[in-house]
Amino acid sequence: MGMWIGRGRKARRCYGFDEIAIVPGVVTIDPDDVDIHWKLGNLRFEIPIIAAAMDGVMDVQFAVELSKFGGFGVLNLEGIQTRYVNPKSVIERIISASLEDFTNVLQQIYEEPIKEELIEKRIKEIKEAGGIAAVSSIPQRAERFAQIAQEAGADIFVIQSTVTTSRYISKDKPSLDFKALKKRISIPLIVGNCVTYESALELMACGIDGLLVGVGPGTACTTRGVLGIGIPQVTATADCAAARDFYYKQTTRYVPIITDGGMSVGGDVCKAFASGADAVMIGSSFAKAKESPGKGYHWGMATPHRNLPRGTRIYVGTTSTLEEILYGPAHLDDGSQNLVGALRTAMGMCGAKNIREMQLVELIIAPAIKTEGKIFQKAQRIGMGK
Amino acid sequence: MGMWIGRGRKARRCYGFDEIAIVPGVVTIDPDDVDIHWKLGNLRFEIPIIAAAMDGVMDVQFAVELSKFGGFGVLNLEGIQTRYVNPKSVIERIISASLEDFTNVLQQIYEEPIKEELIEKRIKEIKEAGGIAAVSSIPQRAERFAQIAQEAGADIFVIQSTVTTSRYISKDKPSLDFKALKKRISIPLIVGNCVTYESALELMACGIDGLLVGVGPGTACTTRGVLGIGIPQVTATADCAAARDFYYKQTTRYVPIITDGGMSVGGDVCKAFASGADAVMIGSSFAKAKESPGKGYHWGMATPHRNLPRGTRIYVGTTSTLEEILYGPAHLDDGSQNLVGALRTAMGMCGAKNIREMQLVELIIAPAIKTEGKIFQKAQRIGMGK
Amino acid sequence: MGMWIGRGRKARRCYGFDEIAIVPGVVTIDPDDVDIHWKLGNLRFEIPIIAAAMDGVMDVQFAVELSKFGGFGVLNLEGIQTRYVNPKSVIERIISASLEDFTNVLQQIYEEPIKEELIEKRIKEIKEAGGIAAVSSIPQRAERFAQIAQEAGADIFVIQSTVTTSRYISKDKPSLDFKALKKRISIPLIVGNCVTYESALELMACGIDGLLVGVGPGTACTTRGVLGIGIPQVTATADCAAARDFYYKQTTRYVPIITDGGMSVGGDVCKAFASGADAVMIGSSFAKAKESPGKGYHWGMATPHRNLPRGTRIYVGTTSTLEEILYGPAHLDDGSQNLVGALRTAMGMCGAKNIREMQLVELIIAPAIKTEGKIFQKAQRIGMGK
Amino acid sequence: MGMWIGRGRKARRCYGFDEIAIVPGVVTIDPDDVDIHWKLGNLRFEIPIIAAAMDGVMDVQFAVELSKFGGFGVLNLEGIQTRYVNPKSVIERIISASLEDFTNVLQQIYEEPIKEELIEKRIKEIKEAGGIAAVSSIPQRAERFAQIAQEAGADIFVIQSTVTTSRYISKDKPSLDFKALKKRISIPLIVGNCVTYESALELMACGIDGLLVGVGPGTACTTRGVLGIGIPQVTATADCAAARDFYYKQTTRYVPIITDGGMSVGGDVCKAFASGADAVMIGSSFAKAKESPGKGYHWGMATPHRNLPRGTRIYVGTTSTLEEILYGPAHLDDGSQNLVGALRTAMGMCGAKNIREMQLVELIIAPAIKTEGKIFQKAQRIGMGK
């Protein structure tokens, strides 16, 4: 499976969304008839779309709204919501910072300690408003926070860092025992991020309920530039899906995988499922929603890292309501709206009745070469036309 | 034929016009001596070029003019011509809409119901002026409209949607039976769009007379971005041509395939034939004609889709007459004019006496890398030079 | 040697200068000690560089100057020099035409008939000033013009069209018999352009003395866009070099091949030899010379084509003397000056003592990806820096 | 290992930093626990980072500062420091030259003869301030200068030219005998640049202590454009690393290889080690340091070449202190700061305990396709946003 990149050194060619396309089927299905639900532990969701744990996208209100539409969002327990009683004014500072300052401003803002009472408060606010309360932390704080979250009534706990493995070696820092944690808490546990078959298998063997897939692909993420590490999402998703299917054969336990990051339009979302995903986690697309706290801005979770920031602030603008992003009607022709409609239509064109069948449709390698026509059209849109 | 894109997942590399080139032959032929006619059912056309069913390109007048030059155009029965008695003022509204509004404006304009008496009227107008009347509808309305069209004197009926297959599954919507329809109408039936060998074979087995090839390649089309679905035109054409040739061997019935979309210059048209096409369908190139109704603008057929628009409005300007586009003389050096001359010259350089021989010439893979010189030259043309 | 581009259809991957690089040798040689002479028939030239038959580059004066430096240039007998007694004022009109008009202006200017007495006059002017007189025509006029040229004292005759093959089929036009012509004239005959092994062999078998290699690669050429025809120069050169070596084995007659077009910097010239060339033909680089008639402008030979122009006008500016372009010293760091020095240095680094050895050095495939640094540097140069 | 690029001609596909990425490991390690030291002869360095012998980057002061942080820099004995008693004013002239003039200005400045007493003086200045004194010359002057340098107290001698081989052929110029030189001097000898397995083996067999790897990859380098010669750094590093490992097996002598050039961000540095490097040599990143003499400008060593300049002047700006570049904290999110932190973090994510293990981590081929999001983000940063 590898190509020579030097004497005695082989490397596998990996693929991202821009390099592949989906092949239509021999049978087409009415989009209204396809089934797109998915399950996480005992929870069932009508749409396989999750909002990323980004402070520009997710707050209590957004979590509640998204739950009403059949999905859910993850609130970052390491973020602004649990550091500040009044997060609005803090977000205001971030989005008004100049381009030169914003890394510094972010680093400073995230120095404020996390308050455990705010963890409890945010979860209860979501639950009282009838939403799904999904919350996340980094591995180092997962034991403590998972306990607090579960007691406060959280539905789902997410453990997330740039690269998470079941084995961690340190001379003086304690490492998280996923198996032990899994025994102590009863709510579904999602862990990530992961991009390889081997790590996915090991994490599944720890008893986790869902796996986040993706290192370095998001628009607000600079991991690949800073560290050189990353795997394009099509290959990462296909590899982790293979681990899921192998683990399922061995154990009959099905651990859904969630492709996280790198999807900017409906077509990318469709490709993630065609690559093997059970659900997708989205940041930048939701940042465009009128309901999102960042007012059209978003930034990665590793952006405020004290010593080695690996993210940036992106302005996408506020173009639509959450409902339009999920269910349309689309008022733009660029694939950023009606993601659910796009997924249903694509599944219909592929003859895929449900997500499991969509995971098996034919893919081709077809680089997205921008023709002059497309470039011209783009140019027109950004204001050079007419 | 596939490459690994992930564990247990293979994908075929597919190719578009920008990635290939034609190899000159060992013998050259005088361009005046090559034969470029083609046949559809019992109809014979002197040039293998069809105008796409786009409202910015095709109206009664354009259909008549193109017929005089040896080709034909398709009038969209789902478009403005059959919704409005006076289409000119409607087109005026579309091309004067702002960039932010035009998707909305289009969606609104196409809400107006189709009038069956206008279908009859348009067809008769074309026939009275001595043109070829080719008209199109989506599969859901094909049974009704084909009947009306044939009675009104249409020469060709086209059934067209983003992806069309002979099998369609729906709980509550009736599906079109191509075989039954084919028995009821006697005029040639073109069906599309299609991009795979299997679907092409199944559609041909239904008795259709011509096949449109292409999903997602046109400049005004955003299907690949919105749905992730699409196959580059060289591979799609070669695959469907293989189906045509296999079906011909089996049945001795020859079903011509028509490459539809993605060709912006004469070189692309030549490559379509070299990939296996019997004819080509063109939108954007004809939008540049002084005779075209859109005054230099065009937009895709799926652009006004109510819930999930998959197209955009493109401005190409009005650079030449229809005659110059087809037969020259070319006053521009960019390959947008004298398409027939370009095809004849290319066939001559390849030593191909007719379209069937042109389908067999040697192709190479040669990505169109823009050198600095070419970019500079482009820059000069768009206004940075002298 | 092919890859599948569709069912039943294979294509070979071909390569251009931007996609390859030269590997340094295990031995290095002092650049002053490498030998770069070549031979055409009985003529010996000290440098393997020829100026293209472009009206913006070549006139009597330029032919004389280039001869002094060890090379030669080709005067186009179909061009301005033989249509007008006073070509200077005509060139003035071309370079002062607006971007919209220049194709029309060119088409008009080249309508003026060729005068046979001017053919004689130009050749004699070159010879009287001590230069090498090499002149060219298209195949249709070669018989007549070759006769006139030889009688006027020309040293070399060149027959050139976009694609030239030894076999040409036409109902009513006579075809050129290369063998017969070769018997009638005694001066060396260069023929082109050609890009395939088979055609090269057939042309060599006609007795020609040199072969021009290249279809569609030059900066002023738009053949690939207009006709879809073209082969990248590395592969074209390697294929024709293989034909030359095979023909030499068979006949012990060595027919040098001349890579024509697509080389914009010294590195490209070096790669042409490393791909198998015996000499190179250059247009755009010489257009930068203060001695060239086009004052920094050049345009392709097919640009004024009456019906299907396949070229454009390029402005490169007047940056240096002919001596600096050939021998340095270079005052620019971009590889456009001191082409002979670059070739000598590259040969030294490869351990190649002469052109024959340079044709055998190792090549790698290494796409010229522009890094941000390089783009930045470029941006600085075109005026955004300091 | 090769692909056909023409008849009878094969070429190997080679890879650069932009085309690969690092795969995370199954085990992760605390970044504080990884070991990044390396050895050159008997010298041990805490960080595997060397400053390039560029006049815009290295002077006495910079050498001293970098030594304090655990690395070292190379002072160019052919540069300004040994030609001028007061280099500051000379650098001022270079950085204030206009874009049109600077190649000329550089050529003129480097005409000034090298003063041997200045060689002695600079080395003593570094040693007196407690720094590592590493100095470089071209092969032609290496015998004389190595003697002087060693006597003045230098720690390391570097012999560097574009392409250096152990065998050099010239009619009238003496060639350097590396073996003989190695016997005469006792301090470690680094030689380069080299990009092939065979040359690396031959140079190691001469007894050298370290090998510089890289031809044509740096931002200030235009060798590939001017000469067509160059090998992308991932393949060059892997090939020379294979030579090092083979030579080590044969002789048990370990000759470290130093990847030189082409690394613009932390991710590239990490990839160099993952490709097989023992240390990296960096220019452009250090040019951004407030401590560097060029005040944000740098230029290649071959830029002032009298006859064939192969480099240019780049402005990178002064963005940070040397400490921030090496150890952070990073105030930018683009990977240009905290190179040591980035290397440690990447090694931790790969489960690599030391450099030798990092040389063996898994790589993938994953072209750095710029998505619209990334381009947008870039555009924002350069001033189009907010």
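We call the chains A, B, C and D, going by the order they appear; numbering starts again at 1 in every chain.
In the analysis below, contacts are C-beta pairs under 8 Å (C-beta built on N, C-alpha and C of every residue); 3 or more make two chains touch, one makes a residue touch a chain.
If you're wondering where the values come from, they're calculated on a predicted model, not measured in any experiment.
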| message | If I superpose subunit C onto subunit D using their CA atoms, what angle of rotation comes out, to the nearest 5 degrees? | response | 90
| message | Same or different interface residues for subunit B and subunit C, judged by whether over half of the residue numbers are used by both? | response | different
| message | Please identify the chain with the largest separation between its CA centroid and the CA centroid of subunit C. | response | A
| note | Rounded to the nearest Å, the gap separating the Cα centres of subunit A and subunit B is 39
| query | For subunit B and subunit D, what's the span in angstrom between their mean Cα positions? | reply | 55
| Which residues does subunit A have that touch at least 2 chains other than itself? | 12-15, 235
| When you check every pair of chains, which ones turn out to touch? | A-B, A-D, B-C, C-D
| task | Enumerate the contact residues on subunit D facing subunit A in the complex. | result | 1, 12-15, 17, 20-30, 32-33, 197, 234-239, 241-243, 245, 265-271, 274-276, 328-335, 338, 341-342, 345-346, 349-351, 362-366, 368-369, 371-374, 376-377, 380-381, 383, 385-386
| request: Flag every residue of subunit B that touches subunit A in the complex, lowest number first. | output: 3-9, 11-16, 18-19, 99, 103-104, 107, 162-165, 167-173, 195-196, 198-199, 202, 215-216, 219-220, 222, 224-232, 235, 262, 264, 284, 303, 306-312, 314-315
